[in-house]
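Residue numbering begins at 1 within each chain, and the chains themselves are lettered A, B, C and D in the order written.
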Amino acid sequence: MTAQTERHGVADDNLPARYNGIRKTTTDLCRNLSAEDQVIQSMPDVSPTKWHLAHTSWFFEEFILAPHSPGYQRFHPRYGYLFNSYYNGVGEMHGRTERGLLSRPSVADIGAYRKHVDWHMQALLNAPDLPKAVADLILLGTHHEQQHQELLLMDIKHVFSVNPLQPAYQHPQPRDAGARRPMTFIRGKQGITVSGHNGDGFSFDNELPQHRSYLQAHAMASRPVNNAEYLAFIREGGYRRPEFWLSDGWSTIRQRGWNRPLYWSDALDAEFTLAGLQPLNPDAPVCHVSYYEADAYARWAGARLPTEAEWESMARASLSGPSGHPRHGNFMDSGYLHPMAAGAAGPAADGQPDLPVQLFGDVWEWTSSGYASYPGFRPPAGAIGEYNGKFMINQMVLRGGACVTPRDHIRASYRNFFYPDARWQFAGIRLARDTA
Amino acid sequence: MTAQTERHGVADDNLPARYNGIRKTTTDLCRNLSAEDQVIQSMPDVSPTKWHLAHTSWFFEEFILAPHSPGYQRFHPRYGYLFNSYYNGVGEMHGRTERGLLSRPSVADIGAYRKHVDWHMQALLNAPDLPKAVADLILLGTHHEQQHQELLLMDIKHVFSVNPLQPAYQHPQPRDAGARRPMTFIRGKQGITVSGHNGDGFSFDNELPQHRSYLQAHAMASRPVNNAEYLAFIREGGYRRPEFWLSDGWSTIRQRGWNRPLYWSDALDAEFTLAGLQPLNPDAPVCHVSYYEADAYARWAGARLPTEAEWESMARASLSGPSGHPRHGNFMDSGYLHPMAAGAAGPAADGQPDLPVQLFGDVWEWTSSGYASYPGFRPPAGAIGEYNGKFMINQMVLRGGACVTPRDHIRASYRNFFYPDARWQFAGIRLARDTA
Amino acid sequence: MTAQTERHGVADDNLPARYNGIRKTTTDLCRNLSAEDQVIQSMPDVSPTKWHLAHTSWFFEEFILAPHSPGYQRFHPRYGYLFNSYYNGVGEMHGRTERGLLSRPSVADIGAYRKHVDWHMQALLNAPDLPKAVADLILLGTHHEQQHQELLLMDIKHVFSVNPLQPAYQHPQPRDAGARRPMTFIRGKQGITVSGHNGDGFSFDNELPQHRSYLQAHAMASRPVNNAEYLAFIREGGYRRPEFWLSDGWSTIRQRGWNRPLYWSDALDAEFTLAGLQPLNPDAPVCHVSYYEADAYARWAGARLPTEAEWESMARASLSGPSGHPRHGNFMDSGYLHPMAAGAAGPAADGQPDLPVQLFGDVWEWTSSGYASYPGFRPPAGAIGEYNGKFMINQMVLRGGACVTPRDHIRASYRNFFYPDARWQFAGIRLARDTA
Amino acid sequence: MTAQTERHGVADDNLPARYNGIRKTTTDLCRNLSAEDQVIQSMPDVSPTKWHLAHTSWFFEEFILAPHSPGYQRFHPRYGYLFNSYYNGVGEMHGRTERGLLSRPSVADIGAYRKHVDWHMQALLNAPDLPKAVADLILLGTHHEQQHQELLLMDIKHVFSVNPLQPAYQHPQPRDAGARRPMTFIRGKQGITVSGHNGDGFSFDNELPQHRSYLQAHAMASRPVNNAEYLAFIREGGYRRPEFWLSDGWSTIRQRGWNRPLYWSDALDAEFTLAGLQPLNPDAPVCHVSYYEADAYARWAGARLPTEAEWESMARASLSGPSGHPRHGNFMDSGYLHPMAAGAAGPAADGQPDLPVQLFGDVWEWTSSGYASYPGFRPPAGAIGEYNGKFMINQMVLRGGACVTPRDHIRASYRNFFYPDARWQFAGIRLARDTA
């Protein structure tokens, strides 16, 4: 990961504010959760809430305080073992599937751990001579923590969903004000395009280096596929007709008995949300589908999924400014924590007139691109080099962020990635088409 | 289960005291546990602490209050689903392996559930005309709850053992005052014996009916195998030499990589206890071994395990009175919660002179008897008939109770049972031999 | 295994005839099988035909020729590794689940191996001074080979059953001439009985020593449960009602989707046999049921399964002579290779008037007895001691032999054993009852 | 699959010769195999030899004879079920993992099936008015059969490798005459390239349509990685150091205990070949490595794997003519059936001077490209559309053919694909590098 401080806005002198704000947001997200809620691991992919709270603190302790804060004493000798997620470079770690077996350290212990780390970080953050390399690592740590804010929400949603009592994370809110919009296809750019982050401001290493690739003639859907459309796919035998499915997808849905999106009710009229079970909104984007389902839907619809280069090209065009960051959209910041119907989040949803809407926010959009390194990719030296590079196999890229992503965390070059059978993330479908 | 009120002692008019005492003991056992501790299921066999608290209450609600307390309102409509352990006769139930996925109902909710049940039980317990059948069911419920007191302790020990922080359930206590004693073999009775409960006082249905069987000429060890002896077995290659092992046992230890009792340290000099990691006491009974290990040890030692009829015959002889209940011994009541060396729990450990000691308490003793119905066994009608009978396959009988068993719960005819590969229960080894 | 030559009949001077006859029978059983047929392992429990041909030869090579025939050269240096079934005492072995991966050695190679072994055995068999210990081992080897004759037939039946072409091992034969008979219950002996082999003639070690046990008052069904009766159990919801099932049995049938005996057609009107798919004979004994199914049927029928001591006591009474061997019955020798309706195999089916019929032959009868050592059991020294003893856990005893068992291989004290979920062996149901 | 007859060479009037030649080659490949050899399925990915013989015939029966040969009678009513590999569009099929359970149909039956199909194909092949669409399907069928020739060799190699007797498919041949050559890096083209088949002559549908993509500045190794180089990787801890591995690769090698290429001996000095166990030739290309191993090797070597567009661009340049087909190289046709050292197969191994050698033949070369559809890809209508498209997920592209590939089957645009953990195919490593 190449972490570079931003030239405008979140510059070095704003780093303390950014750090403290993000750390506070994380703990705020747990306000409504009991200590018991924070212990559960409902499947191997999920981590307990308190594990997220501890792991994000460990990240600062391991990569910033321990090497760069002279005399720093680790809070607890075993936390490095317990809260290392996957960095082989810093030693042995607790098994990923065993994170839900830990009643200790308690939520209170981890709260103290967070305070301990935050306390020691203040001195570093306010040091007049903070080396740029360290500032870059701290900035990386804040983006890392934002990723875990989203993971925390995804994970607690799953935890609550497997509980027969179906608890709610927050109170239901009024249905969004979105309207039904037709889906049209909008022509994208053809020819050589430039993808990836330009190095101006922060990005993760997997967005680098900027590079050229070639776009075929194509068009992209004006909005994501909505629940009503997906329901039609189901009703027309979508899950029973092998001709729509990739072979591995067909095996997956048969072995696991899938016949609808992850959180839909058996009657196909409600879905489990962070506000509990709610009626299905036909106009809201379909969410919590796997790559296999997105791909099968697209084939049924006579379309395909976009490549990530197509998506990025269109996303850059849709933004009103050159920054690559969306200014509007349904993100974590809105507190709705559920996809909204097109238009609900504002007139143009950060889209230029006559360009696709909702490219940012609401739902992550599966692309047809396997998660691979960009040409010339070089992970940074040391354990931090494990951040992204070693996962570049067997996963597919998703773009655009979702309703549980912090708004200032996302950008046009941002690459998310999941295995094609994963669907507890807030993933939806954007269609594309070849054009003559 | 045939539940009969006892003629002496715990008669109908003592039932309220017994009920209230046992209910209080259960909650007292959780005094040192945080809410988080009470949520964890560390393996499929283990249930979370709060599940035990709820299930034992559900037992009274389902089998006593709902049918026998007019107008009783269930505390929560889903608790029947959540806290039914295995009674197909009363409906669908939550999956056994998913008990650790429930942050809700909370420990506090379940505390309220217990109070609700206890409140409604008082009226019933103090009813002047309580039918004997209902009193019998209540008595059964109290014995059921005592079984879960032991399970709760077994389970939390396992939960803590898989935590790299190795928390302690209670403070360490001084090492017991037991001395090293030689193991001798004491001749048992030969010929026809009478086994099973005589129907005088409470028993579980699996102890009935009393019946005859034939004892071969045999002798039984004067005390359980101790840690020093088991260590010698390990040091002489016990876990590496197939000739000592049943074929299924050999497969089991190879597949799971077992080379010592469950809670022993890698260096074979300490064991994890309810008071945390403690030095191994060479004179204390070896504990937490599977049937396969007990059987292999016996073969290595040139001996065998006793049959349950042999054990029961010897146990009756060792008791000072006709009641079938031990008056001394290292039980849950002592609070030590770990096996003690021979003699530590009192001069004769409830044994007659020249008879085996520690038959009761300290460790459950594996017998060579498969868990099967006694001749003429009839489970009671209805769902309560599922209590014992349907488990009479693939398991082995253990006898005598352990240091986590309530003293007044055990008796000479008491039959416990586990699969031969289970070892999280407090199980040890009593040797026997054929004699000419 | 304690192998003792018989005093009458199969004495030392008949051993060559016995050896050569049994060896020939084994190869005769393969007459209709192609080389390809002899390669297949259709599930882990099944061994390929040619493996049986080789393993039975290896038994003589390993335990008789190598130690007792001076200068004997093993046929092939790797056959000891390939064809050792489970004797840890003689070294490493090929994995049990990988027996079907061997195209080499070929059927022809193994034919040559058999000839090589037979050739060298002749000298030993005809030696004037053959030591009794060696003769005993040879006799054991012949009984061992008879066990594999039955296994070979069980296994090839399974191999053919999983082939969508449903090949037949032999031509269909006319339906047996048995008639429908009512099932009655016949009182058995009560009190002390003597079980086990008396040491007079050959037995396996697991039939020894003879010993006393106590029989409760009981009665035994006059014949095995037939297909019509079992069909009634199915039709009355036998596989859908948990109240009939042991808990482990209920799990088993649900996980594996069992709703009928192993080889029954989906329409419940035909069954796959060694003569291919044949109409179900309502009067023939039900066959290929697991212990769980036998036990559930008995509970549904208001009865129970017999103990092995009850069975043996009744079987001895039913035989016309003191030898313990049946003279009549539907065994492998008849070539029918399928259970027959009661009475089909002769007037009294080797039963005394007013005593149960078909105790021997037709189907193995599940008993309620776990497979355990008899009191005072001592396996022989060395690897041959692994023959039986190490399997005495987790399995249930079956008695009486089946239509694929060689007649002279069976006797009243003979103990067969399978895991409670096994049903590819020819296993059926004999009911018993408690009497006042 | 879009199958187009070639304009030059294999035109319509040569189709009979091509068909008959390829069919004969397939049966010739089985000359040294016994019927027993042809039954075994050594792992789920492997099919028995006779299954390949039948399936390739079924392909002609199902897609050509049944629809296009009036009055054609299928050879056997169940063969469609048994020998359909994966075409959901033509109905249910036998389970892939159960192909090794079939002793029937026999090798002889399948030989008759082949003759039956061939007989009926002659009339069609020689029909004066054979429609082009049918001729295209037949041509496709011959390429399909060539794929199975390679699969048959891969599979029987695996079958023999798991046999402790380690049989040989053919006699060993003299070691190849290749010499040790240094590995250099040769600059590739940068900028827009055209990939894919030009539609002139036969190709599979996955090679279409021809399209543009953008090549970064790069260079490619002059020859594949050889055994000596791979041995150095192993000796320097390649399999013990996580920093070289993708995360999924690291899990894979740890779970499966991999520490060397599939067929290497434990001592790292020999490898199992189709001629049995042979000394390792340090100069021959390393073979039978997974994508994970190829990728880890490249990272250790400070290089990377080529993309498929880079590979294809270089391969086109290396060929002497415009046809896209290699004229030289170590292919199945040579009968060596094992990779040779660089230069062994001829002076330039079909490479232009100063260009990489062995791009074709010897070993398939892993590329870093996930197997995905080309822009504008359209599978043909009907079941034949399942040929390639539905597998375009989770697999990686390999290029160039191997020593078991028919020479005239391969071309510059040919795309092979396997899961990243597969290594029973003849897969090796070609390195590439970014250049400034």
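To be clear about the criterion, a contact is a pair of C-beta atoms (placed from the backbone, for glycine too) under 8 Å apart; a residue touches a chain by one contact, two chains touch by 3 or more.
This structure is a prediction, so every number in the text was calculated from the model and none was measured.
*Asks:* Could you run down the chains that neighbour chain A and chain B together?
*Replies:* Both-contact set = empty.
*Asks:* Could you work out which chain's C-alpha centre is the most distant one from the centre of chain D?
*Replies:* B
*Asks:* Using CA atom averages as chain centres, what separation in Å is found between chain A and chain D?
*Replies:* Inter-chain centre distance comes to 38 Å.
*Asks:* For chain B versus chain D, what separation do you get between their C-alpha means, in angstrom?
*Replies:* 61
*Asks:* Where does chain B touch two or more other chains at once, residue-wise?
*Replies:* none
*Asks:* Touch graph across the chains, line, ring, star, complete or other?
*Replies:* Its topology is that of a ring.
*Asks:* Spell out the part of chain C that touches chain B in their complex, as residue ranges.
*Replies:* Chain C residues touching chain B: 86, 88-89, 192, 211-214, 216, 218, 242-243, 245-250, 291-292, 295, 368-370, 372, 375-376, 390-394, 420, 434.
*Asks:* Enumerate the contact residues on chain A facing chain B in the complex.
*Replies:* Chain A reaches chain B through residues 34-40, 42, 78, 81-82, 94, 98, 100-107, 159, 162-165, 167.
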